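In the two complexes below, subunit A is the common chain; its partner is subunit B in one and subunit C in the other.
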Partner chain A sequence: MQYSLSVVIAAGRTIVDGSAEGHVWLVYPRDESAPDLERVEGGPDPALTFPCTGVHFADGSMADDVTLNWMVSSVTSIPQGRPVPVPLTPDQAELADRIRELVSSATSLQGQEDILAASFNPQHRPLGDTRLPDAPGTPRDIDGRPITVFQALTGAYLVPILADITGPAVDDGVIYPAQYGSPDALTEGWYWSATVDTAKPGIHEVILHVDIFRPAVRDGVLTFRPVRFQIPTWLDVRAVPAVNGFTGAGLGYLPLPWEAPAAAPAAATHEGEAHA
Partner chain B sequence: MTIRNIQVFVNAIALASGELPEKAVYLVDDSPGGSGRGSVHLETHVEPGDLVRWTLIPIDLQAPAFIRSVAFEGMGAPDDGIPSTTAAIADVGEAGADVPTTGRPLPIGRSLRWEGLVPMVAGSSGRFPYTLHVAFTDRHPATIAVAGPSLRVTAPRSEAVATGSLLAADDIL
Partner chain C sequence: MHDVIVKIYVDVLEALQHGSLSGAVFAFDSRSYRGSWGLGSDELMTVVRPGDRISWAVLSLECEAFVNVREMELPGWLAVEHVRDAQRDYWRATVVGEVVTARYAMEFEIGRYGRRMRLAPGFGLVPMGSPGDPAYTDPAVATVSATGDDR
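And then the complex of A and B:
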């Protein structure tokens, strides 16, 4: 059984506050069986605790594996799972390509902005639904400065990168995290996955080391500087015993009727089909 | 005791979206003989005393599904004899003292194991059609019925006759 854990971060607020506390959300498939956890000061945050239920056989061995996949994104980052917004018509595509060429050939931020401003036509919106400064209410960046066209077009923040997974859950061998290659360029081509030893019940802390990219203008060029944040999350590991579906308990005889039912004519036509 | 595995490959998204089970469910077994491998019309040859084990494998690992019941034709309503979710949980809560219980339902779907011994049957053989009820979540009782597969109970091996089983007696009659 594989689970996706979406870690959604308000990247801008995290950078401003210097802490991810209160700016991180964990999104995962709801498990009705998970117990309600109470928020204890200094203890696990129920909102950041992933219920992780395994199944074990009577001898204690695992009957069902649990694999976790972390998907980190920012509220304001380029959407994952779909391409960066693209133009709708061939004309717009051509125009956008031309703009990108011009922008990339510009030697300064001012030059890039000038090209974008000159080429911007509200009716074309060549780069999709990106917010632009002409929208009602000027959008501002984390430092309160109006967002430039360039910033708006590149996305306010790059996708945060999960750099490492540590914590007691790793030290105690509850999870075995590893990094895997991915074709998703937005995550720099890697993602994190871990198998869970569900034979170790309890609440285990998992620290996510996340790089959030702070946009800054250096020498007239927009750059993104990674800032490392440690985000505490928890795994609530439990294991339930495997139950025989026929008996509700242990092994027994299959509930067959004493005599075979009369063969249905329809079923007979399939006999011998696809014989291996 | 011979173990006969029946693996049920399920394209959960297609099945939940209304695709016919014939086009979204594929059964295979490791039993000699039989027919219909790779389709929902799998006929598995088994003998009395064999252990038959069904395992559902979702084709997309992140689109889970599980077997809610295996109902043999002629055994009444599909859920007859199947422990209800709450009943099974109560059993688990009492039996597993070291299992943290919270009074809320356990994820019973994934913890269910579908396996059992083939009993002796009248006439020493017969074809027993069954319906798999596939569910996608513990939260909702809805299942999708996958009809078509069957067990064919064949005559016992000679050593079974030698042990003087009930089935052997039946043969003599």
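And then the complex of A and C:
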């Protein structure tokens, strides 16, 4: 069985805060049978714990594969491949005040001096309205509007990229992750998937390494650089006994009732059919 | 004009299996830092203000499953448009009047046969300055500090 895990990140806020903590949600089909986890100090975050249920044979060994597929997106990223690209230039005007504070202290945003020198001009317009010179390569949104540096400052419309999966779950052989390529245009061909050893029950930590794009200015041209964030998530691995899906009981032959085969109809004739 | 994004994730398989959107809708918006609440649920309340342009993006948890927005029932202080051309198909609305707290309904097309399902009352829109807003200040309360920390 395959499970899809959607990881939703508030990318803009992650860039501004320098950390993804508090800005990540896990979205997955609800499993009513999975018990709710309690929040324990220093323990896994129940909101970022995925209940992964497998099936086992009577001797406890794994009966079937469980495959996980991670789909990472941000709140403002453009859904890939679908006929619904939206003008996802997010509202960042209120963040301008916070950005100005951070920029003036120049400690929370590392390496932003090049952006400040290229774009921040306090004598003319507020940071939120600053635009790059209309040089070739000016990035524009779906509606053709130039993307302001402020909007680009958080690179919020670009899709975050899942770059790696590590952690105790990988080290302990609970999951075997790998990046796969596929012709599927919806994921632009790359996605992370893992098979799960559900014979190892328990809560295991999975660290997602996600690249979120942040703008940089080089010679007046806006480019985007990935900034890597580590996002701890957890897998709550459990297994239930494998049962016969028809009977709900143990595995084995299906208990079909035996019927004598029906007698061949004597009087029936078949049109157009030659009999030997 | 400021853009607000509402991103809706739909568990299409769950919706088709049970014939309803209950427990199958997870919504987010780009205004969480100004007090939007209900993120990750089917009762998202988005903070908006006059001049905002709200865009709705919907996608399925399973990339092979189809979901789209067919109809939206929005309050009258929004100018609504359904943008459709060869490359785009989405709904957006501009706040042209005073923002009054309101819930709105959406009708989705679920699955390859476009089964119609309605989410109501569903999501809502609230004015800026809601109690969840970090910058919330109430001028009537004299003890509120300049930074709005007290609320």
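Quick note on the criterion: the second predicted complex is superposed on the first by the 158 of 276 C-alpha atoms of A that agree within 3 Å, B and C clash if a C-alpha of one lies under 4 Å from a C-alpha of the other, contacts with A are read in each partner's own complex, and residues count from 1 in each chain.
Keep this in mind: contacts are C-beta pairs under 8 Å (C-beta built on N, C-alpha and C of every residue); 3 or more make two chains touch, one makes a residue touch a chain.
Being a predicted model, the structure only gives us computed values, none of them experimental.
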{"item": "First (subunit B), second (subunit C), both or neither touched by A:D64", "value": "first"}
{"item": "Partner chain in contact with A:S4 - subunit B first, subunit C second, else both or neither", "value": "both"}
{"item": "First (subunit B), second (subunit C), both or neither touched by A:P44", "value": "neither"}
{"item": "Subunit B versus subunit C as contact partner of A:E259, first or second or both or neither", "value": "first"}
{"item": "Which superposed partner A:G12 touches (first subunit B, second subunit C, both, neither)", "value": "second"}
{"item": "Partner chain in contact with A:P177 - subunit B first, subunit C second, else both or neither", "value": "neither"}
{"item": "Which superposed partner A:G167 touches (first subunit B, second subunit C, both, neither)", "value": "neither"}
{"item": "Contacts of A:V75 with subunit B and subunit C, given as first, second, both or neither", "value": "second"}
{"item": "Touched partner set for A:G245, first subunit B, second subunit C, both or neither", "value": "first"}
{"item": "Subunit A residues touched - subunit C or subunit B, whichever exceeds", "value": "B"}
{"item": "Doubly contacted residues of subunit A, that is, touched by subunit B and again by subunit C", "value": "4, 30"}
{"item": "Residues on subunit C engaged by subunit A in the complex (per definition of touch)", "value": "2-5, 7, 9, 11, 13-14, 23-24, 26, 28-34, 39-40, 52, 55-59, 61-64, 68, 87-90, 92, 135"}
{"item": "Contact set on subunit A toward subunit B in their complex", "value": "1-4, 30-36, 53, 55, 63-64, 67, 69, 201, 238-249, 251-261, 263-264, 267, 270-276"}
{"item": "Residues of subunit B defined as touching subunit A within the complex", "value": "35-39, 41, 43, 51-52, 61-62, 64, 67, 69-70, 72-75, 81-83, 87-88, 91-92, 95-96, 99-100, 102, 104-108, 110-119, 121-123, 125-129, 138-139, 148, 150-151, 153"}
{"item": "Residues on subunit A engaged by subunit C in the complex (per definition of touch)", "value": "4, 6, 8, 10, 12-13, 25, 27-30, 71, 73, 75-76, 78-79, 81-95, 142, 156, 184, 186-187"}
